[in-house]
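Here's the structure, in structure tokens; my notes come after.
Chain nomenclature is as follows: A, B, C and D, assigned in order of appearance, with residue numbering initiated at 1 for each chain independently.
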Amino acid sequence: MSGNTFGHIFRVTTAGESHGPANIAIVDGVPPGLSLSEDDLQPDLDRRRPGQSKIVTQRSEADTAEILSGVFEGRTTGTPIAILIRNDDVRSKDYSEIREKYRPGHADFTFDRKFGFRDHRGGGRSSARETVVRVAAGAIAKKLLQERFGTRIVGWVAQVGDEVASVPDPTSVTLDAVEATPVRCPDPDAAARMIVLIEQVRAARDSIGGIAQVCATGVSAGLGEPVFDKLKADLAKAMLSLPAVLGFEYGAGFGVATARGSENNDAFVPDGDQIRTRTNRHGGMLGGISSGMPITFRCAVKPTSSLPQPQDTVTRSGEPTTIVTSGRHDPCLLPRFIPMAEAMTALVLADHALRQAAR
Amino acid sequence: MSGNTFGHIFRVTTAGESHGPANIAIVDGVPPGLSLSEDDLQPDLDRRRPGQSKIVTQRSEADTAEILSGVFEGRTTGTPIAILIRNDDVRSKDYSEIREKYRPGHADFTFDRKFGFRDHRGGGRSSARETVVRVAAGAIAKKLLQERFGTRIVGWVAQVGDEVASVPDPTSVTLDAVEATPVRCPDPDAAARMIVLIEQVRAARDSIGGIAQVCATGVSAGLGEPVFDKLKADLAKAMLSLPAVLGFEYGAGFGVATARGSENNDAFVPDGDQIRTRTNRHGGMLGGISSGMPITFRCAVKPTSSLPQPQDTVTRSGEPTTIVTSGRHDPCLLPRFIPMAEAMTALVLADHALRQAAR
Amino acid sequence: MSGNTFGHIFRVTTAGESHGPANIAIVDGVPPGLSLSEDDLQPDLDRRRPGQSKIVTQRSEADTAEILSGVFEGRTTGTPIAILIRNDDVRSKDYSEIREKYRPGHADFTFDRKFGFRDHRGGGRSSARETVVRVAAGAIAKKLLQERFGTRIVGWVAQVGDEVASVPDPTSVTLDAVEATPVRCPDPDAAARMIVLIEQVRAARDSIGGIAQVCATGVSAGLGEPVFDKLKADLAKAMLSLPAVLGFEYGAGFGVATARGSENNDAFVPDGDQIRTRTNRHGGMLGGISSGMPITFRCAVKPTSSLPQPQDTVTRSGEPTTIVTSGRHDPCLLPRFIPMAEAMTALVLADHALRQAAR
Amino acid sequence: MSGNTFGHIFRVTTAGESHGPANIAIVDGVPPGLSLSEDDLQPDLDRRRPGQSKIVTQRSEADTAEILSGVFEGRTTGTPIAILIRNDDVRSKDYSEIREKYRPGHADFTFDRKFGFRDHRGGGRSSARETVVRVAAGAIAKKLLQERFGTRIVGWVAQVGDEVASVPDPTSVTLDAVEATPVRCPDPDAAARMIVLIEQVRAARDSIGGIAQVCATGVSAGLGEPVFDKLKADLAKAMLSLPAVLGFEYGAGFGVATARGSENNDAFVPDGDQIRTRTNRHGGMLGGISSGMPITFRCAVKPTSSLPQPQDTVTRSGEPTTIVTSGRHDPCLLPRFIPMAEAMTALVLADHALRQAAR
């Protein structure tokens, strides 16, 4: 009802505000016997963490996860896994102005309209801070997918402003290639141009949007439900549930608008004793159910709304004013968006893999 | 679990196959006291119905809904409303070939991988036939939204192939303007070109994709939940749950990729004793919660997969073959997609309106 | 939210009023490949049907189910199964008085307080008529349990008024023994006394309560979830969701109040290469999870509230009056309660069996 | 699916084992603006806490709750409230024997059958330790019910072994009267006898069962849903979800078995401009919906399964053995059961109050 739970069998419930004591996730439905410790969560938490490089915000949180339940002698027990991540570096003084002024592009105004009352510090529950526990939960899902189902998920930055990466074969992108540059773009030339652009934008006290791409390989055919819970529908929801995402497309995406059926359809062909399609304009999903081909999709991410330049807005009582958001913010959200997108992809795929296994 | 239910408070559960006896929806959570009869469902069912014009399929179904429960003396009672729509014009003989061959672009292959067994006739449960009861349920949601919340939803065809409609003000599009042409495009010039294109495509035994747009006005601020059940997330899921949709974007959509924050943010301005934004690049949703501005989004719809020309594929046992889909199929799905998109939009908004009212 | 859906994987959603056009169930989550037709539903529908014998109400409904979806060529497809049961013998004239007067023991008053408006005819949705589709859904669950899991469920009348059945071994009760008498008590002597008592009560224009017992055998160990969804909790909910039930107890039940731990605990003992308990005071559930021992429980069922004698009550506007319920009502609900109790038991066990199989 | 979540609008998700680092609850759906701090949780945590008196176990846990989210400046924000309770006094050494032997009456055996693997220390997730966060969540529900709905919940020990309390008017029982004795029985004479009995049982290295009663007053008419989510069904589930409960009855309970309808029905009578019933054999619920009369029900609680005397059992590999449970255990569970029963009652009533308010 309040939308703090995601998934059916692999099921995550979260709580926490940007500047409260902690963020918490309860991850339910993890099968028993999976080896698991905090060490499995840290790499993705580190990738998401602020302050990793000069192109991202310098807020320095340790983002150390503590597993409070559901693991015994190094293995999951099948009972819910609670993850606690304390909020260390909470400078509430930075945020006193936004108590009274609505930041453009943020949820301050809509939270007030919804709840009549909000924890304004750093955006409270509307802050991207809440994704920290999604990333931790996603790390568990990734491990389950890899060990039990052979599924591997990689995301990367495909575009920043007009700088577009060239990635001829999405299935060949490796985590190492993505992590090779702070902008998380596996095309080194494009990455270099993106970094220059981001620095220019930062110098101009502005921000810039982009596009993220995700590819999941080793997804067996048959995942997704026929009607409302199509796999594409749940992936779309997962991505749009992330802050700053304004668009989702999979496979040929918006390109289908100008395509003819004869060129858009992917022919089925034999592949040894298996069946696959010759091309993958369907992005690995047909009728909303995985086909066994790689799942590929893209997300449009808006430029950071918080800007260190004056923007027109109003106060809570409706008086015109301006606001300069002086806090520590990324000029481009894309690099830190990648682990979030991967995590949400993992939550969807783990849930659907278990739902299908239940058949 | 099986994904045949949609929504939390306003909640729809459906059943039915393309060529089974009937399609059924149970619509739960409709507040008591709403005046309702079958006459309220018929207009949208007629808009969705095959055979309305020469540019859509000629399958002639009456698509007459019977309300079996939840209405007493012309008013809803607050108990669940069951809707029954019999499948009249079921010509199973048309579909015998697809028992053994996988149609490219369809769910035949993935259903077999999922269930090991399927009702192949007309695509069974994967057929767009199942949307008939979504449209009926959506008509109830629309009525509730209009009468209790003052919300109005209109969808139209924004693009077919390269033919793009010019709609300077989405909020001014009326149902009458949409229904003025069989292609459901409110720009008469573009509509004429689209119709020509669709006829050309049909003559070429091919099909063509396009883009649908939806605008909802009169949506009060505060709808949507902060984290997973963001309004944008649920709209994205709703749209991607429809057959043939490969992309979703709201507000500035994929255009944000090349935008700077300073140009993308919508400034808040006073509006009498209310607050609104000067522009609406945020498509009526901030932090995933409605802002009171019009909600606008677009969906990419692929060209019809069924084609009356030979396509390469394989049999169930993996032997290469070709298939010609000789059934009655629209060369362009967009016109009949509009009532489906409106219906799913209505289901999402009705559910979130009631969820927020519950606060 | 509105409580018209039951179960998680094996999931039933119902709709329908006593005197509306029909009652409907959508049964979701039935695995593909189960052989199924309307013939599988009829026996239990007949057991529940009014008018079977002189000790039950004479309302004559055919109660013929039509399966509208989810079955193809005699087997389930894995898609939702819709069941339609028309209400044939609807004599609305019998119920005009209760539009204005609240029947003692019925839900007329509470429905008005809840919805502000109700379909008063025959109790509308509060009537036990709605259980007809629960029984149909339960028949599918029973078949699944028997064929896939080897589970068998039998219920019987254990007590009517002061007449108590002697059933030394609950696991030996057969359906034939239960069906041998119209009162559904497998102890023939007690059955005879119960019938005499029911006839006496009817002659006195009164009604009488009783106790039903259910035993499920062949339930493998491990069903039920550790915390909120304990198997005992879901069985209790299932039973209390049936009309007229005021109590539930399993195993030693309320008898534990006066027991010492040393006599109440069931010792574990080896049984070949298996483990079982020496006694079964725990009714087949420990920690809320099935132990592999037979599951046994009992329900207290109140005397029929509708009485053909004057009862004090008030009108909708609060004026004191009396009411004589002249309709066709059973003087004792127990015989027709048995198939309802079995059906709800089957829904719970099928759901938990599939939930556990999902592990 | 895994049953670690309870409720629909007011919704609690829990995690934690007896001897893990902590127990955690995420309480979702609490309306914004309720004043709340840890001080509101402590009284009931103290009532549930071990070691309060010599008749309960001496395990000394501080059971101090920390609120990690959802509260800002002393008021709830409408976002989820995470509660953390560390497990302080964890003596794992006490529990090494039960790794290999199945304790009679406990869930050791069924957990192994379910998960194939378990955290054996102190029962792990099957321990009543998990109720500590239910009690904390229940304290929030109680506060909401009292402040927003005027509802008050009191539970007490009605029976221990053969010692039965005399409570002529359940609605007059006060928290003070309940807390006046360590056995939580408001009848002082019976309380004295119960204490003597419990001491005798303890001296005999045995345990004893009993009956708890709960009364909720100030519950407005209209709570509960007509079919599966009847209020009585959800209360039954809530109570049976608690450890050691084998029976539930409300109102006249099992006494209806021998009652005639003419004596069992509660006549409606005017009460000023309201309507109530003359008697309350229906325990405040008709058709599963609250009538506005006090809600009363009783639970049968078994004697503690852990006994400091030898009991027959088997090892994990099925070898016969005996076990003496030497840990710290209450000889009678009833006194500490009361706050648990009240908490679960509060969760059900808060959820249904909000569900009805959503109408």
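What we mean here is this: a contact is a pair of C-beta atoms (placed from the backbone, for glycine too) under 8 Å apart; a residue touches a chain by one contact, two chains touch by 3 or more.
Bear in mind the structure is a predicted one, so any value in this text is a computation, not a measurement.
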Inset, instruction - Count the C-beta pairs in contact for C-D and for A-D, then report the pair with the higher count. - result: C-D
Inset, instruction - Just grab the chain with the largest centre-to-centre distance to chain C, centres being mean Cα coordinates. - result: A
Inset, instruction - Averaged over CA atoms, how far is the centre of chain C from the centre of chain D? Could you give it in whole Å? - result: 26
Legend entry - CA centroid of chain A to CA centroid of chain D, Å: 40
Inset, instruction - Can you tell me which residues of chain D touch two or more of the remaining chains? - result: 1-2, 4-5, 8-9, 14, 32, 78-79, 114-115, 125, 226, 355, 358-359
Inset, instruction - Under the touch definition given earlier, write down the residues of chain B that touch chain D in their complex. - result: 1, 9, 31-32, 78-79, 226, 354-355, 357-359
Inset, instruction - Please name which positions on chain B make contact with chain C in the complex. - result: 1-2, 4-5, 8-9, 11, 13-17, 20-24, 26, 28-29, 32-33, 66-70, 72, 75, 77-82, 84, 114-119, 121, 124-125
Inset, instruction - Using the touch rule from the top, collect the residues of chain B that touch chain A in their complex. - result: 1-6, 8-9, 14, 102, 104-107, 109-111, 113-115, 125-126, 130, 159-162, 201, 204, 206-211, 220-230, 232-241, 243, 245-262, 264-270, 273-275, 277-278, 282-283, 285-292, 300-307, 309, 311-314, 318-320, 355-356, 358-359
